[in-house]
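So, here's a batch of structures to check.
You will see subunit A twice below: alongside subunit B first, and alongside subunit C after that.
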Partner chain A sequence: MLREKKSFKISIHLTTSLPLPAERDHLRPRIDLIVFMIDIKSKYSLKNVEASLAHVDANFFLGKVCFLVTGVGRVNYCSVEMNAIWKLGEMYCSPVLFCELELEGIRNATAQRLLRMLQICAGHVPGISALSFGTLMRNSTDD
Partner chain B sequence: YLFFSLSTPQENTDPQRTAFLLRKQWALYSVTPLYKFCDAHLKDYARLLSAFIAAEKQKGLAVEIGVELDIKVAVSSVPDLKGSDRDQAAILVQLSLRSPASLKNSEEKLVWSGCFCCVFGDHLSENVPEDFTCLPLFLVNGAESYTSLVGSWFQKTFDCCFRRLAISPLNLSWMATMWTGCKVDKSTSAVELIFSVPCQPYPLDISYAIHPEDAKALWDTVQKTPGEITQEEVDVFMDCLYSHFHRHFKIHLSATKLVKVSTAVASAHCDGMIKFLQSKYLTGVLMLLTELAISQIQ
Partner chain C sequence: MERRRRSETPKQQVHHKNQTDLSAWRKGKKSDPEKSVQSHQSPNDEKNESKQGSLEEALSYFEKVQERVSLKKNNALQKHLTTVESIALEKGLPPEGFDVLLKVALSGKLADTVNTRLLKSLVPASVIPEDSVVSSVSLLCVSKCSASTQLLFLRWLITMFDFIDHKEQLHALYGFFFSFLQDEKMCPYVCHLLYLLTRKESGESVQLYEMEYHFGMQSHLQALLSLYKLFCPELVTITLPGKMKTYFKNSEGPWKAVINAVRRRNQENSAVLKPLVLGTAQPQSRKRKWNTQVLIPASSANRSNLEEDREKQLVNLYSMDESFPVEQLQTFPQLLQNIHRLEFPSQMGSVLTNPLLLHYMNCIKDESIYLRLYYWMGQTLQEECTWCVVDNSQYEEEFKAFLETVYKTECFLQEGFSSCEEFLYKSLPLWDGFCCRSQVLRLVSWIPLSSFSEMKSHLYDPLVQLFFTSSLYFKCSVLESLKELLQNWLNWHMIHLDSESDSQAQSSNTTLSGLVNTVAELIHFVGWISTVALRLENNPTFLLYFILDFYEIVCDMYLRYNLPLLIMPPAGIFYPALLSMDSVSLNQLCYIMYRYRTNLVAAKENELSKKKILQFKFSSQTYQEYNQYIVAMVGCLWTSSAFQKDTHPQGLRMDDELLKKIAVQDFKSSFNIVYHPALMGYALLFLQQAWPDDTTFNFSLIKGKRWNWYLEYLYSQGLKGLKVFIESSINRVSQASHNKTENMQDEKFI
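The block that comes next holds the complex of A and B.
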């Protein structure tokens, strides 16, 4: 995502679980988008995400959260049931994206998608709010 | 996703006829429907396959180094190996070696077995045109060289496609749960789960063995309706095992890859290998494997 050409500055904070340490709260910039990464090969990653979701303020679920499922290229490594992920997306009203990290093309496409989402969530795209975009994304997956 | 009990009452089936499947390691393949296969022509197929193997040997693709050995091919039907009457009866292919030295006694040594079967494979056979025969599950015991010979003949003759059947950790969890719940007389074999952890320089294997009675007792507290298993129940069962392990060893098994499951009923490996240990549950396990094979084809 950092490598993509863009007209704005982004900062990415990676963490293995939430909540973020309270001591640094006052130093933290505004969070525009939260991407929860679930590795389909690891049941543990799903459990971790489920536990972390509880620490996220409800306002974020108005279009500023999305789930990114990785490892989807190899079906025989699947440790997580797809239904569980769909249900998570539904329960938290957030879109579910899929990505195979090992394939460069998909990796780049996903980075571009996330950047676009980030732009919208940060309010940089006039006429589209995070909430309306989130609704759009969800309706298209329902079809 | 709901699943029903494994042990289906087998009327009119002679366990002796299917006993050849027990206690052997079988490699699993999914097979697409066979075009213009006719079970009245089995003897012809045996002849043709035999000729094919001989021809390949002539070409120098010898399967046995050293002594010229005569390979005898037998293709037979195993009518007891099916689920419902709508299933095609299983087809067994056997390769035996006849050494010239003992031609008098015609001593034959079975060296390779391949079994095509379909157990409750309705949703595949229903959707397939007339000329096709559905036998989506292929079990192999024997050398890989024979497997590729037989496989290529079937592919050429019936325009079908073989693929190694991979079993995901998700499906292995189902098997572990289902087989733990099965009633087995005098079971002394533990329920064993093997996990693979990607590590440098070699992956680490973790083996988790549970006393079968303890495992069954745990499952009995989880299962709500006898004879039915849901995805939630499988998750709860596995989570209990994982938390127990974590409490003792501080390792999250849920972050590793489940690669093998062994119980008194059967043992299965993610690379597509199975060992049937109980004739009572043979049909049940085959039904499961047929289901996996059909998913892989579609």
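The block that comes next holds the complex of A and C.
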């Protein structure tokens, strides 16, 4: 994601589990988007994400959380049920994106998509807020 | 013959002697001028010759090998085994080698590991002689080898089925294969093999009642039984489930990589595969197994007997005994002559690129062909999908070509394949929007009509996620494919309107109201995503063009496609188009509004004249919506009352006090055809032409007579949409001053 062309600065904080250590709270900038990466090939990954979700403040789920499922290319070998992932997305009202990290083209495309989401969540697009975008992604009809 | 000559040579001197013997043999065969060429051959050739020699030696070894030779202890066995394997990997084995190697592998003389390695390396360079296969099947029946070897042999047979040169004897062995169904482990592979072998005639010799009682409904059996049911429906009494999505297990695994490597190598070197291709004018660059299935192999036709066959066919023109093998089908008249006894090839994929066979499929309602094509295509799409199976990513170009072929076939047949539809529904949620993008989106446009809830969960939802997060170009591509989808549905409706005799057994979603509902939902969906997309991308002209393109079809649905549906674009599209900065969008919008008017007027006339009893009437709400838009538009463009007359809740109406605050002079006329940002360029050019010396660009000069000149000038610049809009929606009372013009008040229908 850092390699993509963009007009704003981004900083990425990687971690394997939440909560983030409390010592650096005052130094941390505002978090605009949380991406939970789930590897479809390992059950442990899903459990880890589920445990970490409990530590996330409820405000983030108003459009600032997204699940990224990797390892789609080996969907025949996945040990995590797809249903479990859909249910997770529904329960936490967040979109689920799919990606295969092994292939460069897909990696780039997914990075661009995440950047666009980040732009919206950070408020750079006038007229669309993170919340409205989150609801857009979930409903496909305008009732 | 050459093998036998050297079978007595002792092993130690083998290598050297073979080299000299081979070159001697070669020299003897070729003529003198080539001798000098021979001697200058590159070391590569010499290596080939030595390899050739060592292969022959290996084959002779295997021919004579005694029982129970252990792999670990015997160096000769190891060496020959590796020779065979390496040659198989490089260029494939010559036809002569199969006999020996198959016999050895299936006779149980050697250990299982050796047999497995042998079977795995049985990759042909050109063809596999049928005799070797027949003799190996007889060895299979005797079951001297282990069960796992038997299974591997069956898988090998399925994988290499296309390479066997003749298949008449194999068809004769049908009954033997059938008896193997009893074995539980072999059953899936035997089913697959029988599926490939089954022709119309063989269905009669099948004892189906046995199958019914012995086995449960496993997927491979279902597939086989459904094929039998089509050929001989009276023999199959069980009911099969409607939509089967299960296929045969993939048998190709151990040989996949090797086959591709060999084929690539051979294509580079020479046209070794040419004997397998019948001249239906296909490009040579087919690299994958399933792509070669798209070419009809000549292997099942005995070409030397072609002349005799033709004579026989002339005599037996109306005899039902012979079926016309499809490989000989070259021209359209031939198709017409033999249309009643065409026998389809066992690889259904070859149908996709053969226009003659596609014509046949279109006219003759032969369910078996559809079923076989359904299975084959579904299986291929699922297995070769490059984003679901990451190992396929290196073959992405070929998968793209395959998807293109499927798309072209769908365009030819003017309808979508259900296996393709299922593939899209399964893989779109997992799609990243990048792999094979244009091909996948084109296939989306051929999805057949179905109920809204199905489309929503399977198509709209995955598309929405991708749509909102992807680039501008992706958005435009999606809009284009949705436009084609709408067009295909409307065309389908038109065709089925004509053939109203087809009214038997029509499911609910093909009735008119079902169609209208689904189309309406699609249009609302596109309207919704377009509005959001315009917002996300900040109203780019490029996107607006595609959106308005979609609405060009929507506005004419009543008159062009006879569908009683009229849906206005949402305000989020109308106003950005009206106030856009470029003339293309404005022109398009004017044309669309003109077409809406034409459709509405025609509908009203039909209603009032009571000539036709209409099932549907456009509601007054539609007319009101239209009127609101038209008032706003005319107010903007013509009467210079942009901000006053608009009654639309999301429209341009603003209070005077607010407008005074912006401190812009003459704001009222700021969007008419002279001052509109999209048209101001034209006004400038017009002024330059009319008053070439005047450099002050006084736009207020354009009034009265010159207003008309200006209009003519605009029309001449290609703004045809503007022209038809103004001529239809604006009634000009006097030519003198533009202030006296008024729009048609009696547009307000109730």
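Operating definition for what follows: the second predicted complex is superposed on the first by the 139 of 143 C-alpha atoms of A that agree within 3 Å, B and C clash if a C-alpha of one lies under 4 Å from a C-alpha of the other, contacts with A are read in each partner's own complex, and residues count from 1 in each chain.
As a working rule, a residue touches a chain if its C-beta (ideal position, glycine included) is under 8 Å from a C-beta of that chain, and two chains touch if they have at least 3 such contacts.
All of these numbers come straight from a predicted model, not from anything done at the bench.
With subunit A as the common reference for superposition, the partners subunit B and subunit C occupy clashing space. By the touch criterion stated above, A:E81 is placed in contact with subunit B alone, subunit C being left untouched. Subunit A has more of its residues touched by C than by the other of subunit B and subunit C. Of the two partner chains, subunit C is the only one that A:L103 touches; subunit B does not reach it.
Legend: residue contacts after superposition of the two complexes on their common chain; A:S45 is shown touching subunit B, with no touch to subunit C.
In the superposition on chain A, no contact is made by A:E90 with either subunit B or subunit C. Shared interface residues of subunit A (contacting subunit B in one complex, subunit C in the other): 75-76. Those residues of subunit C that touch subunit A in the shared complex are 387-391, 393, 429-435, 456, 460-461, 464-465, 468-471, 521, 524-525, 528, 532, 535-536. On subunit A, the positions that touch subunit B within their shared complex are 41-45, 47, 75-81, 83. Residues 72-76, 95-100, 102-103, 105-106, 108-110, 112-114, 116-117, 120, 125, 127-128, 133, 136-137, 140-142 of subunit A touch subunit C in their complex.
Note for the complex: subunit B touches subunit A at residues 1, 166-170, 173, 231, 235, 238, 242, 252, 254-258, 270.
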